[in-house]
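Order as written gives the chain letters A, B, C and D; numbering starts at 1 within each chain.
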Amino acid sequence: MLSKIVRTVTNEFMLFIVVFGLYIIAHGHLTPGGGFQGGAVIVSGVVMLLVAFNSQELKKTLSERVLSIMESTGALIFIALAFAGIGAAFFYNFLVGTPILGRIPATGPNPGDIWTGGVIPLMNLAVGLKVVAGLSAVVLALALFSSGEEMEE
Amino acid sequence: MAALITHSPILIIAIPLLAAFLTLPIGRAGGKARNVLVIASLAFVEFLVIILARDIYLNGIHIYTLGATSPELTLPGGAMVPIRIILEVDAMSIFMGIIWATVSLAAAIYSLSHMARETGQNRFYTLLLLMVAGCFGMIFTGDLFNLFVFLEIASISGAALIAFRTRFADAVEGGFKYIVISAVAGLIFLFGVGLLYAQYNSLNIGFLANAMQYSTLDIIALTLFLMSLTIKTGMVPLHMWYPDSYTVAPANITAMLVITSHACMYAVFRICFSLYGITLDATTVGWIIVIIGLLTMFVGVTMAVFQTDVMRFMSYHAISQMGYMWMGVGVGLAVLGNPEALATYGRDAISGGIFHILNHAMYKPLLFMTAGALFHRTGTRDLNKMGGLGHNMKFTLILYIIGTLSIAGIPPLNGFASKFLIYESVYQFNPVLAVVAMLVSIITLASFTKAFQSAFTGPQLPEYKDVKEVPKPMLIGMGILAAGIIFTSIFPGLIVERIVNPATDALINQAAYVNGIMGGGMP
Amino acid sequence: MEHIPLNFPFLAAALLVGISLYILIFKKNLIKLIMGIAMLAAGVNLFLVSLGFRAGGAAPIYTNVTEGPMVMPVPQALTLTSIVINVAVLALMLTMAIHIYRHTGSLDSEKSRKMKG
Amino acid sequence: MRKVVGLIVLPVVIAFLVSGMLLLIHPFGYPDASDMDDYIIQNAQEETGSNNVVTSVVFDYRGFDTLGEATILFTAVTGVLLLLRTEKRRREGS
């Protein structure tokens, strides 16, 4: 448990990291980035919290039950999106051309319109959720295991 | 029903994945609901595999392009190279699929009671389902990088399951060795995939086989492929990790891990026959495989003779039985060049090797499960400490006898049928090989009777007086495999003609595999 | 032979793989073994990424890009997958190393040789 | 024994790789063939609707790899939490 100043600064700073991570996830289909990269940014924020507060403190907020539910929902959304295109084939991008997220960008260089990409932004969000929940559970479990207790509720 | 058949290759992989993601939330609700989910999903996958197999035996190779407007569209308009990932299921892949579906169903039923008293069961079944999905992905995919991804899934879930009993030091040791070997093998395989991608700019096996010019880089890539995948099957120079890992895993996980090494062996055959085919100088590669198979057979059985730990004893036998398969298919590969020798004994050698995969995939998991049953009741794996268990554990005794007779190749049972097919064809190729193979089979029989004697017969030891028979699910799990062995023993001809020969022809016939990809283009 | 100076990334990848094989064969400490595998993964990833480079190519993203050739996207996708796989493998290996240290009190793989035979 | 095997195998493999890399592979920046990638670069925007061609390859053209990869991450997390579980409730039983 580091000093009070470090803990408050980390609290404030965590918001910026989460917003930046969400930006990378949400704009995965426009600018470099995507589910995995944005998720990793947010997990680096979680590790920062772990360093500032000790693992017992963090375990209260990020309990094992919350993280495993988040991870399972992320995984289920991802595979549900993959299954949804089963009409044509398993991983078919069924949202391209439809009003939901389906606008086709002008071919060639263009300023980039967020309402494009069909299933891809949704998959980015699902994978981002999964990466955040999964990797922070691993980091928390390793920290707790070395200090004696375990993650189980 | 027709839609189910067209989508069945991807459903067979995706349903265990879906069930794995669901196991954790449902497992919180209650153990019963989770067990029902696991067994139901594996039973449905078995059903899908059977209807897919029927469809493939009727009208040939089954193609599934992921993400295209229609599953059969392999070459999108205007492109001469397949863009998306294509699952290509031919008779050989579905042959491995049948084995894997049956053994994983039996192992899952077996683990219902074998794991009843362990903690962390939710995650155990999640990893079990992921391993099932991983191995199906390896078997069905027609894409090299996809093969690497599913190889890794099967390896990681296998390693975590090997180290399941974290209270034993050697369990975690075994898991660590397995994950190190798998990681190194996967990365070396990936290096080979990179080499092929650099030259032909494609990752699809069919397209690469068509565009292959067998340059020196391709030879380097072939050596990397063979080196990495044969490590995973426990070939002789690098087999020391195999017994260490397979001894400490829970019995049903070892039963499934044996089949994952079969899947790696299938990947080697796919690369040698379908990817390289006649372009590689088959005789040298064939001879290398035959010699390594011979060495594996011999070293495996000699190391097994003086083992005291029953699981380690059976792991060494698993290595030596793999030698038979390597030898059988290696001989077929060696004569791939001249069609006349191929017709006389080459094709029989490959059929013998593949039939031996089927038999080994039934009696080896059965033997591991009987060893698990002994461990379940006596708490020890040391043969010296066991004795006279035949009195109380009747069914396990019968199942053990079936497994032993089959592995030793005693005439009525199926082990003999495939070994005889291998002896007969390998003898025409080179008599020395057949002689060594028979010698190894005799040593196998000797060592198994010794193990049988020390575990089951003899006076009833005082401390095992009250040992009861193993609970029902374990007997059902072992019963499925025993029934498979008996069925194959009664109708070997039927099995060979209906299942093994189409698989052999699918393996040899590279043109059909390539045409499945290149011929399937629609605008 | 004129392209030898050009092939420096491939040479670096091959050397990385060579060094990691040295570590895997000769080093005893488990943590060094894990580092060796991380280095092998880095070498293979470097090799995969540098396969897709096109001289003078820009990143294959159409948002506000200037005209000109584009780098090949598929090796980048493969490398992304390979990196995540190596994260997963490393996490599992480190967990097992913790357990081994807790059981045997040492990270030396010699002690685990006792299971030989 | 391990040292001897290592000393023989290692130089061979390194020479193998370095020679392969330096002499045989295509010069860095000038790939031998690139028809699959050219097709993807031209058609990614129109078929998948995303400007970032790499993301369209990751999530649409080769989406199955990413499903496998997400599974691998899920496996690793489940495996790590499985191995770091408590042993207190040993006799829980289902």
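Criterion: a residue touches a chain if its C-beta (ideal position, glycine included) is under 8 Å from a C-beta of that chain, and two chains touch if they have at least 3 such contacts.
This structure is a prediction, so every number in the text was calculated from the model and none was measured.
*Asks:* Determine which of the two chain pairs, A-B or B-D, is joined by the larger number of C-beta pairs in contact.
*Replies:* Contact tally favours B-D.
*Asks:* Need the CA-centroid distance for the pair subunit A / subunit B, whole Å please.
*Replies:* 36
*Asks:* Can you compute the centre-to-centre distance for subunit A and subunit C, using the mean CA position of each chain? Integer Å is fine.
*Replies:* Chain centroid spacing, subunit A to subunit C, equals 24 Å.
*Asks:* Using mean CA coordinates as chain centres, what's the subunit C-subunit D distance in Å?
*Replies:* The answer is 10 Å.
*Asks:* Specify, in ascending order, the residues of subunit D that touch 2 or more different other chains.
*Replies:* Within subunit D, the residues that touch at least two other chains are 20, 25, 31, 34, 36-37, 40, 45, 51-52, 54, 56, 58, 60, 62-69, 71-77, 79-81, 83-86.
*Asks:* Of all the residues in subunit C, which ones touch at least 2 other chains?
*Replies:* If we look for residues of subunit C contacting two or more partner chains, we find 17, 51, 61-63, 72, 74, 78, 80-81, 84-85, 87-89, 91-92, 95-96, 99.
*Asks:* Residues touching two or more other chains, restricted to subunit B: which are they?
*Replies:* Residue numbers touching two or more other chains: 17, 21, 24, 66-67, 145, 149, 152, 156, 159-160, 163, 166, 172, 198, 201.
*Asks:* Based on which chains touch which, is the overall arrangement a line, ring, star, complete graph, or other?
*Replies:* complete
*Asks:* In the complex, go through subunit B and note every residue touching subunit D.
*Replies:* Those residues of subunit B that touch subunit D are 17, 20-21, 24, 31-32, 35, 66-67, 76, 78-85, 116-117, 119-121, 123-124, 126-127, 130, 133-134, 137, 145-146, 149-150, 152-153, 156-157, 159-160, 163-164, 166-167, 172, 195, 198-202, 215-217, 220.
*Asks:* Taking the touch rule as given, give the residues of subunit B at its contact with subunit A in the complex, in rising order.
*Replies:* Touching subunit A from subunit B are residues 7, 10, 14, 17-18, 21-22, 24-25, 28, 64-71.
*Asks:* Considering only the defined contacts, which subunit B positions touch subunit C in the complex?
*Replies:* 145, 149, 152, 156, 159-160, 163, 166, 169-170, 172-173, 175-177, 179-180, 182-184, 186-187, 190-191, 194, 197-198, 201, 203, 240, 244, 307
*Asks:* List the residues on subunit C that touch subunit D in their complex, please.
*Replies:* Where subunit C meets subunit D, its residues are 1, 3-4, 6-11, 13-15, 17-18, 21-22, 25-26, 50-56, 60-63, 70, 72-74, 76-78, 80-81, 84-85, 87-89, 91-92, 95-96, 99.
*Asks:* Touching subunit A in the complex: which residues of subunit D?
*Replies:* 45-52, 54-56, 58-60, 63-64, 66-67, 70-71, 73-74, 76-77, 80-81, 84-86
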